[in-house]
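Two complexes follow with chain A in common, the first pairing it with chain B and the second with chain C.
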Partner chain A sequence: MARLRLEGVRHSYRAQPAQDADWALKDVDLEFEDGGAYALLGPSGCGKTTLLNLVSGLLHPTQGRVRFGDADVTELPTDRRNIAQVFQFPVVYDTMTVFDNLAFPLRNRGMAPDAVRSRVQEVAALLDLEGMLGQRAAGLTADGKQKISLGRGLARPDVNVLMLDEPLTVIDPHLKWRLRSKLKELHQRVALTMIYVTHDQTEAMTFADRVVVMHEGAVVQVGTPVDLFERPRHTFVGHFIGSPGMNVMPCQVDGGVARLGGRAVPTANRPDASLAGRRTDLGVRPEFVRFADDGIPVRVARVSDAGRHQIVEAHHGDQVIRLLLREGESVPAGAAHVAFDPAYTHLYADGWICEARA
Partner chain B sequence: MLALDKVVRRVGSQTHIHETSLALQAGAFNTLLGTTLAGKTTLMQLMAGLIAPSSGRLRADGRDLTGVPVQKRNVAMVFQQFINYPNFSVFENIASPLRVARLADAEVRRRVLHISELLQLTPFLERRPAELSGGQQQRTALARALVKDAALVLLDEPLANLDYKLRESLREELPRLFSGRDCTVVYATSEPGEALLLGGHTATLHEGRVTQFGPNGSVYREPVDLVTARVFSDPPINTARVVKAGAEMRLSESVRWPASGPLASLADGPYLVGLRPHHVLPQRSGGEGAGVGVEGKVLIAEINGSESTVHFELDGQTWVSLSHGVHAFRVGEAARFRLDVSRAFYFAPEGRRVAS
Partner chain C sequence: MSARPVNQRAWWLVLPVVLLVAFNAVIPLMTVVNYSVQETFGNNQFFFEGVKWYSEVMHSSRFHDALKRQLMFTGIILALEIPLGVAIALAMPRRGAWASACLVLMSMPLLIPWNVVGAMWNILALPDIGLLGWTLNHIGIDYNYTRQPLSAWATLIAMDVWHWTSLVALLAYAGLSAIPDAYYQAAKIDGASPWAVFRHVQLPKMRHVLTIAVLLRFMDSFMIYTEPMVLTGGGPGNSTTVLSIDLVKIALGQFDLGPAAAMSLIYFLIILLLSWVFYRVMTPAEEGA
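Here is the complex of A and B:
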């Protein structure tokens, strides 16, 4: 096993990339620590699948290198990279038993029958599949089949990286939840680098120790789920992560102070030295907005019951400000005031967080 | 509005829908919530007239619709796998039901432009579906369903194939789109959160039966039985055996609480207690909260910034706690939680809710 590195990787599906938009992946430098739990998160078309295919060797980068430890694997085909993949749709041999499905990659590698048996037992125990080893895979539910796909990846002793491409998309919510926790638990028990590709922030944030957020072919932030939540580097990250996403509100800045509708708003960071001609926004998550006796005047437009919390949509002029309140918390009707928690209110210039700390 | 009266649907020896009576809420969102194979799609096909009931009747405003085929009903449908005509422009895709109805060109144009504006499709009207993103394609399918002003609009998991964020914005947009229109919407989903956020009424489905139908909030907070509580909980509701003995409810020798309020009148004996994960909270050091304190061994901790989810073991059973904010836990450590039993549901052993 080894650290995985992408160095100056760019990729275009065009033969002659000319302009910025021709690049599916724009100059990516990334390092995946051995044994880490990572997520690649972003909307469709952000480049995450391209990145995954470059790691697995299904694609050859237009520029840059892919390394496993000290070895440059850029030119190696997929089957020589020791990568296991789990896809959106479970890949199982329906006519085989669960045991034979799990044993398949081991027998393919010429492993002795005794070793195959003990390895399969071990993996089955990890995935709670012990009771069904003799069953045919055809009769299993979608989550059972996905566990087998996962098990085949885990069974191989030679795997460098396990890559999961939207593995829970076709699973029902109540089972999705269980399988997601299972994945997390698995990662805690087997020291294997896992890269989980998804557009679903909940899956990314609960599975990964570090999340790589991608947008339009570029990596916009790499961080722990708490980093991404508490201090998004870009308004895109603020919007994309969190449900509902961060409130992004155009603001004025004068004398080093951010103002919303003329009212000074304290922030956790200070404006950059030069903001002339740049778009400035305040970013604050709905979790960090509260009703207050005094503050920014709003009109409460809508309250949605989301079960464990309520999503309140308030309007400050044309600006929508969302609040996330707990189940049962009282919500004023009509005119009210809101206040932002200054520790989690950030100033952004042209989308990027101003780096000067308050 | 459409009402199902003792409708049963059998295919061969299997019953796909058990006897169901359901009167849809007119002019509102009616959500069918259940897992795959719970019967949501079958129920919608029955409502649309795509399939006929094996027994029972369908009525709308006093008229018997049983056996009336889909073409003769004023129904529009959108499926999970959005369907558009690939060779038509977006404009013609949206216009197609109006063309079939032989409306005048000027009227077609007026209605298509109006609905396109609402669904933010105006810039794409000259494109073909293949040139659109998934979300734009699904909005095109929605526009086609809306443009004909059908009395009944059936949406079968229309957002399931879309990106998370897009789903979030369309979920917010949909109730707005329909508000002020004189039509009844039936919306199938497998996600409890989606059912809640859409507003309106929800019917919970399980194995071909409607277990409850009512305003979202009341089905969610007053489920009639354990099955309904399970269908309407994400993450899954914690359940455990509890015994009423005199003035006490006992989860175990050490975990007990007073059988007060509505619990006082329950007969002694075994029950099931159901507590949603957000009513099982980490015990903050120093702070005193309501509820019953327990100590468990931490199995998994998922911390996403907004919320912390902790799985812990208590008396050989896994419990899940879901709390706001960041609460750090180490796997394997013993940690204290409190069960907010004031929010608990109590079910008889066969599943009926007897108290909460």
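Here is the complex of A and C:
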């Protein structure tokens, strides 16, 4: 097993990429630590699957290198990269039994029959498939089939990295959480690098130690779920993660201080370079906005009940500011004031967070 | 309980289909059944004979020989066309302009009528002036389909393979196109050899279309008439007299309506039985997913 690195990787599905939009993946530098649980998170079409296919070797990057440890594997075919992949739709070999499915990648690599048998037993035990080894794989339910695809990856002793491409898409909702916790448990037991691709933030946050957020072919942030929540590097991350997403409010910056409607707003960071001619925004999550006696004047427009929380929509001029309050907290009617928690209020320039601390 | 009178007029709506099926299938078939149990000496006089014609056909060596030839022809056709069609489908490009070009090219033979195919090959294979026949004789192969049974058979088989392999290839191609990319990717990751991919991914996924291909080719080739008729008329001798040619000789050549009708029905039942056998063998019982 080894660390996986992508160096300056760019990829285009066109033969002659001319403009920015031709690139499915724009200049990605990424490092996956050995044994880590990663999630690739982003909306459909952001380049997640492209990135995955570059790692697995199903695609060859237009530019850049892919390394496993010290070895450059950019030119190696898929079957020599020692990766395993679980696809969106469960792939099983219909004509084979569950046992033969799990044994297939081992037999293809010439493993001795005894070793195959013990290895398959081991994996079946890990996935709770022991009772079904003799059954034909075609007869299984979707989650059973998905476990088999997973098992074919786990069975191989030589796997560098296990990649999961939206593996829960076709699983029934009531079985999703079971398979999801199984995945987490598996990661802890087998200590394999796992990369989980999804557009579902809950899946990403519950599975991964580190989440890679992608947007329009670029990596916008790599961080722990807490990082992404507390300090989104880009307004896109703030928007995409969280429910509801971060409030992003155009603001003026004057002498290093952000002003919203003329009123100074304390922030956790401050501009690190000239902001002349750049769009500046304030970002604060609804969780860190409170009603206050003094602060930004707003008009409460709507309160919606979200179970244990209530989402308040307030208007400051044309600007919508959302607040997330606990159930039962009192909400003033009509005119009110709100305040932001300075530790979690960030200043963004052209969408990117200003790096200097306040 | 007062049952309201049910309006029965809706039955009229079924009438068209009843008429269609009656004139299309039931009445012709029953006419044949009627002939098969009677003897006639002309003048529209018929005498009931029971199962006499059936027993006669079943015990006639002429029928046995024709049936053997028929089975051999169909067996050879299936053994050649199915693997060849699958191989062609595997070799065809999946997408792009070449894929369309291949599809058009492959469809061409299917558009040519049977008797035209027969006439084309008849001329092509003429030993003295036909391109194929002349060439074969000039490279030292003694070839003459009007005199040698082997030449006649080889020509008939080549003709059918040329005409119908496309059908198998197109069906197999459709089956292959329906396989999601993830299967190939997974197989690649699992380190499967090309043979293993064929054996465990492509062949199982093609099974349904191949069942259809085998059934179609079986039924069609088992009823082949036009090509041997145009090429050799069933000769040389009786060597290419397959069931349908024999049947036409009996029914129209000798005008033996009773035996011909009995033979038709036996012929029909054989096709039905063998189709059923093929279907059962190729469609495993526990198929549910």
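Operating definition for what follows: the second predicted complex is superposed on the first by the 344 of 358 C-alpha atoms of A that agree within 3 Å, B and C clash if a C-alpha of one lies under 4 Å from a C-alpha of the other, contacts with A are read in each partner's own complex, and residues count from 1 in each chain.
Convention: a contact is a pair of C-beta atoms (placed from the backbone, for glycine too) under 8 Å apart; a residue touches a chain by one contact, two chains touch by 3 or more.
All of these numbers come straight from a predicted model, not from anything done at the bench.
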| item | value |
| --- | --- |
| Which superposed partner A:G139 touches (first chain B, second chain C, both, neither) | second |
| Chain B versus chain C as contact partner of A:S274, first or second or both or neither | neither |
| First, second, both or neither for A:S56, with chain B first and chain C second | second |
| Superposition-derived comparison: chain B or chain C, residues of chain A touched | B |
| Touched partner set for A:Q19, first chain B, second chain C, both or neither | neither |
| Contacts of A:S330 with chain B and chain C, given as first, second, both or neither | neither |
| Touched partner set for A:V91, first chain B, second chain C, both or neither | second |
| Overlapping contact positions on chain A, where the chain C interface meets the chain B interface | none |
| Contact set on chain B toward chain A in their complex | 35-36, 133-134, 163-166, 168, 190-193, 196-197, 199, 216-217, 220, 230, 233-236, 276, 278, 299-300, 302-306, 309, 311, 322, 324, 326, 331 |
| Residues of chain A touching chain C in the complex | 56, 58, 77-79, 83-85, 87-89, 91, 93-96, 104-105, 108-109, 136, 138-139, 149, 152-153 |
| Contact footprint of chain B on chain A as seen in their complex | 43-45, 142, 172-174, 177-178, 181, 184-185, 188, 199-202, 205-207, 225-226, 228-230, 239-245, 285, 287, 304-309, 311, 324, 326-327 |
| Interface residues, chain C side, partner chain A - complex | 180, 182-183, 185-186, 188-193, 196, 200-201, 204-205, 286, 288-289 |
